Amino acid sequence: MLIGAIVAGVVFGLYFTLVGLGLNLVFGVMRIVNLAHGDFLMLGGYAAWWLLSAFGIHPLPAAAIVLVVFMLAGLPLYYLVVPRLQRARDSEMLSLILFFGLSQMIEAVTTIVVGTTERSLPGRLLGIGPMIVLGARLPKPWVFSAAVSAVAVLGVYLYLYRTRLGTLTRAVMVSRDEALATGIDIHRVSAIAFGISLGLAGIAGVFAPFMLGSITPNIGVGLNITAFAVIVVGTLGNPLGTVVGGIVYGVSLMLMQTYFSSWANLLPNLLLIAVLLARPQGLYGRRVRLA
Amino acid sequence: MSPEPPLLVVEDLVKRFGGFRALDGVSFHLAPGEVLGLVGPNGSGKTTCINVISGLYPPDGGRVSYLGHSIGGVASHVLARRGINRTFQSPKPFLSLTVRENVLVAATYGNAGVAPDLDALLASVELDTLADRPAGELNSAQQKTLDLARALATSPRVLLVDELAAGLNPAELGRMADRLRALAAGGMALLVVEHLMGFIDRVTDRVVVMNAGHEFFEGTLAAAIKDPEVIRVFLGGAHG
Amino acid sequence: MNIRGALAGLVLAASTVFGARAAPAPAEIKVGTLYASTGPFAAISMPAYDGIKLWVKQANAAGGVYVKPYHKKIPLKLIAYDDQSNTATAATLYNQLITQDHVEILISDSGSVLTSVAVPIAREHKQLLFDLSGTGAPFFSKDNPYIVLMSLPISTLWPKAQADFLNDVGWRAGVRKVAILYATNDFTGTHAKSLAGYLRKAGKETIVYDQGVPTNTTNYSVLINNIAAAKPDAVIELGYPGNDIAFLRALQDSGEKFRYVFTLFGGFEMHAVLGGAGASAMVGTFTYIPAALYPYKVNYGPTVEQFHAAWDKAYPPGSGVAWGADGLMGYMSGLVIERALATTPGMSQLDLRRAVFALSGKLDTLAGAFRLNPVGAQIGEMTPMGQLRADGPHAVRPVAVYPPALAMGKPEFGPRSGQ
Amino acid sequence: MRKRGLLPDLLLPALVLVAFGAAPFLYSNELMLFNFVTFLALAQGLNIVYGFTGYLPFGYVGFYGAGAYGFALAVMHLHAPPLAAMAAGGAAALVLAVVLLPLLRLSGAYFAIASLAAAQAVYEVVSNPALENVTKGPYGVSLSGVFAPRFSYFVALAILGGAFALVVWLRNSRFGLALQAIREDPVSAASAGVSVVRGRTIAWLLSALVAGLVGAAFAWHISVFYPDTAFDLGVSIFATVFVLFGGATTLTGPLLGVLILYGVYNWIGITVPQYFQFIYGALIVGLVLFLPNGLVSLLTARGIRVP
């Protein structure tokens, strides 16, 4: 049972890395907290459901479609709200409130359009039955989702460290002011990062029905807390630290569910508070952010 | 020089940020009625020194004593009541409060004894006409003056002044220098960090020159500018 | 005739005369209810609300319902608010229905949670609460006459059918160890507890796993691993449709096999669960079967075929309104209320209560036998045990298997593990 | 010149208290009136911590829930009379606030989210089936023995009076000024002699106390409730939006927020909640972008003092 829980935790953690990755990218580049991240994820899930039920599109190509569409949608959204936000005195706090409002709007519109029935995708699309990994029996869709998550993380790594835009993005993450001074088009870099973030949320959403069991329009808020816990445990502003956060979260969640199942939901909350207070720079970083 | 025993004594003060030693064994002393200039290139630790003395950061080594008691690590608001106060390099007024309210807070909370007359205080720094305006509407020079007024409202015996002169026009500079001298004449001890050497020359009795976190010269400014080491540091340093 | 009888007759006559004068027949009978368009209870609330709407629509198409005190047919007016599965909102809205809309008939939202807040409010305002499906035992007490449970047996009684089945047929088939996994809400929590109580009382099967999880649980994979570690023969999962869907999917994905798997809504909201979990995850599982899913002889209201036709006409397949037990219960509660209005001695809330109680033991509707105990709890409408069989590759059909009197087929248990 | 504002500062709350004192005799949906009183008090309670220290606890509902359960536990286990149980509710919120004091070390956004996580954590504990013998776990509590809607309504009104009094005091006292100084700049507030930790702690505890007492009154008034009602994130959201909409640090702002937004909510929101949720969200977005200091800033920006 112990090995099973740990292996399942790593697999689950990889998926939650994907859930938190986009949120962290936006925080790193723009210093804003996108509280609507979970709602974009939810939209990704509904997009996959719609693509399957209306056109019979398999979740895998659906993920590619969602990635592109969400990335493109992110660009205008960025220019609409973010530059204006960043001129404000306390942009971190204001962004939190603004994106919370956006989250409410998205949830409302989704409810109006698709209703509140739980939607899920047939698990057989990603393979039926268990897969044996290191002696642990895991649902095939989990392994599949974790693999896609790993690919996405790798993609973000390659973007940040192997492309020119990625280098500029990292420069903005280190110091926005200095990047501005050296003539980097901050808004272009940020808008693209914002688009990528939404795209990542979208892919995570496509696999949400498999990992979470089902989706409803109101899963956004809970996912936001979890995603925030993951990136705080990893390192705020360091997208690759998210991997650490995701796996720590996944493994501890699975251990809790195995041995203290009724207390499992307490976990992300306690983890978040504990890490914020004890090691505010995250388990994998060195940024300080105390008052 | 002042015949009285020193109010403030700084010995071998150390402050580290991660691996960087911002203060690396600074020592100096300050007597009542004395104005001490703290000069040195950017990054030499002047502001950090003020931050540690005023209680913003606890020291990592060495000793700060005030009236014979160690005050290293004592919180800012306690020091303010005991008579140590400061201004900030970039002014930090309470933007949404009025000028008078800014000073009122300090007079109420930063005084161990009787608070000074606020109207007179504001008049003395030429902020009386702006008393009911929100601090956010003041220009940068006025905000710096407000910083000073707020510090004075706590009736300090030691005043740490961090680059008050920058941005003032020549007439304002002159008045500010006179003001600081008048404070010293009243028995207050002042530590002045400043880049403008003319201003330093006008207000200070002696200077301490810092580089890389510790002091290496102490004496009058006139002597300092003849010191080969000082010349080397300033010409070779980042300040230029 | 003695004096008391004479007095009673006088009072009755007076109340009829003056009552009629004081209150001429209203233009409409106001029926107030709540529904949850969102949240955890939407899955059971919306179909029930659709059922009530269907009843009101049909009644009004026939010129209204006959109301005895006025000797005429009066149209119904349905006033419904959305409580979004939130009990605080629901409390305010129940108050609104009673104090501002002055509804004659107050029907609670589906489920025990959204009913619970209505109980003290209805009692405070002396308004009879037609409790749709809030089966929580604490609602019913001798000192509160203002509640009557319309459908579903009270949750302390309901699980007896399953316990009997396991003790009888299950025991003979070799079921020895039972696991119970339930969602911790009034409905399934109480259900799980009394089921465990019945099993312990019988003293045959042992309960090797008994665990509650939050109702919003969507991920059952680890829980199923934990259950498998306890090596039970029978696994009983009690939750709302969302829980059942997630459980059945996770069970299929895990590859674990148990001899007996039970879900409550697999039968009660068969179509909704089918849409979420798929037929292959459901085939062979056990469930309760509502009367509408097996040939049940009714003496009041439509037959299965008639009801199905009416439902499909009002909510054509594909309209997103799933047909299941909750819709039926909403509709049938309406029919019982209609009959009560047709027989009530007066229009006071306690008169209505008397009228409903007078129907106890007399009605056999598609929801089952309508029987009330003295405090207003439903003790009829028992549901038989059923098993889901494949009906083509993408559908399942329920087969009643217990009690023998209602059985249409033999239960099929899974193979013994390790054999 | 501060004193000039005292009269309107006293008049406005008095007017509101009189109006809501008379309302139950004129309008029979008392629970709706109670909800208004609840949100008026919660909005002022949130105003204490947000308006005067700049800390916005998303998990403000945690204190409300702690108060509700403090009340319920005192009634269920100690058979306390309702007014004593009210005190227990307030005490429960205070204890939680003390436990969460370390959160005040965090800066704005982290504080907001950490407080939310804390409220969720308390909810998970209270609603845990393992604690069914203590809290009744997820099955909710029923306190029909102390059900007294009219009396508890006026108790809630008294709490609202207390919340108003606290805000009036903060707006017209040097301590309130010191808190605002902390909000503007903690470092220079400390050099002005203000104890930042002490100031924030007092504001935090007062704010928690208000929410705790309101939660206890809610438990008493409604008498049947579940952990997900007592810890409903919607309570935090509503209170936050009301304060932001009207404008913090004033008495008028949160008041306007509740009367307008909650009024509209009860008027149209209950029939079409999704549209209302959408409008709420849009309002938040619009306010942050165009009017970050709320409705009253239309006046205060022109130098007009608003009570």
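When the chains are written out, they are named A, B, C and D in that same order, and each has its own residue count from 1.
Convention: contacts are C-beta pairs under 8 Å (C-beta built on N, C-alpha and C of every residue); 3 or more make two chains touch, one makes a residue touch a chain.
Computed from a prediction, not measured in an experiment: that's the story for all the values here.
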item: Winner on C-beta contact pairs when A-D is weighed against B-D; value: A-D
item: Euclidean distance of C-alpha centroids - chain A vs chain D, Å; value: 32
item: Cα-centroid distance, chain A relative to chain B, in whole angstrom; value: 48
item: Centroid distance [mean C-alpha coordinates] between chain D and chain B, Å; value: 42
item: Inter-centroid spacing, chain C versus chain A (mean Cα positions, whole Å); value: 40
item: Per-residue overlap in chain D, given as positions that touch at least 2 other chains; value: 129, 274
item: Where chain B touches two or more other chains at once, by residue number; value: none
item: Overlap residues in chain C, where contacts from two or more other chains coincide; value: 37-38, 212, 214
item: Chains grouped in pairs wherever the two touch, ordered by label; value: A-C, A-D, B-D, C-D
item: Touching residues on chain A, where the partner in the complex is chain D; value: 33, 81, 84-85, 88, 90, 92-98, 100-109, 111-112, 221, 225, 228-229, 232, 262-263, 265-266, 268-270, 272-273, 276-277, 280, 289-291
item: Complex interface listing, chain A residues touching chain C; value: 1, 4-5, 8, 111, 115-120, 122-124, 128-130, 137-142, 211-214, 216-218, 254, 257-258, 261-262, 265
item: Partner chain D, residues of chain B touching it in the complex; value: 54-56, 75-77, 80-81, 85-86, 88, 92-97, 100-102, 104-106, 108-111, 132, 147, 150-151, 153-154
item: For the chain C and chain A complex, residues of the former touching the latter; value: 37-39, 42-43, 211-214, 218-223, 225-226, 229, 241-242, 245-246, 249-250, 252-255, 272, 276, 278, 280, 320
item: Chain A-facing residues of chain D, complex; value: 54, 56, 102-114, 116-118, 120-121, 124-125, 128-130, 186, 233, 237, 240, 244, 274-278, 280-285, 287-289, 292
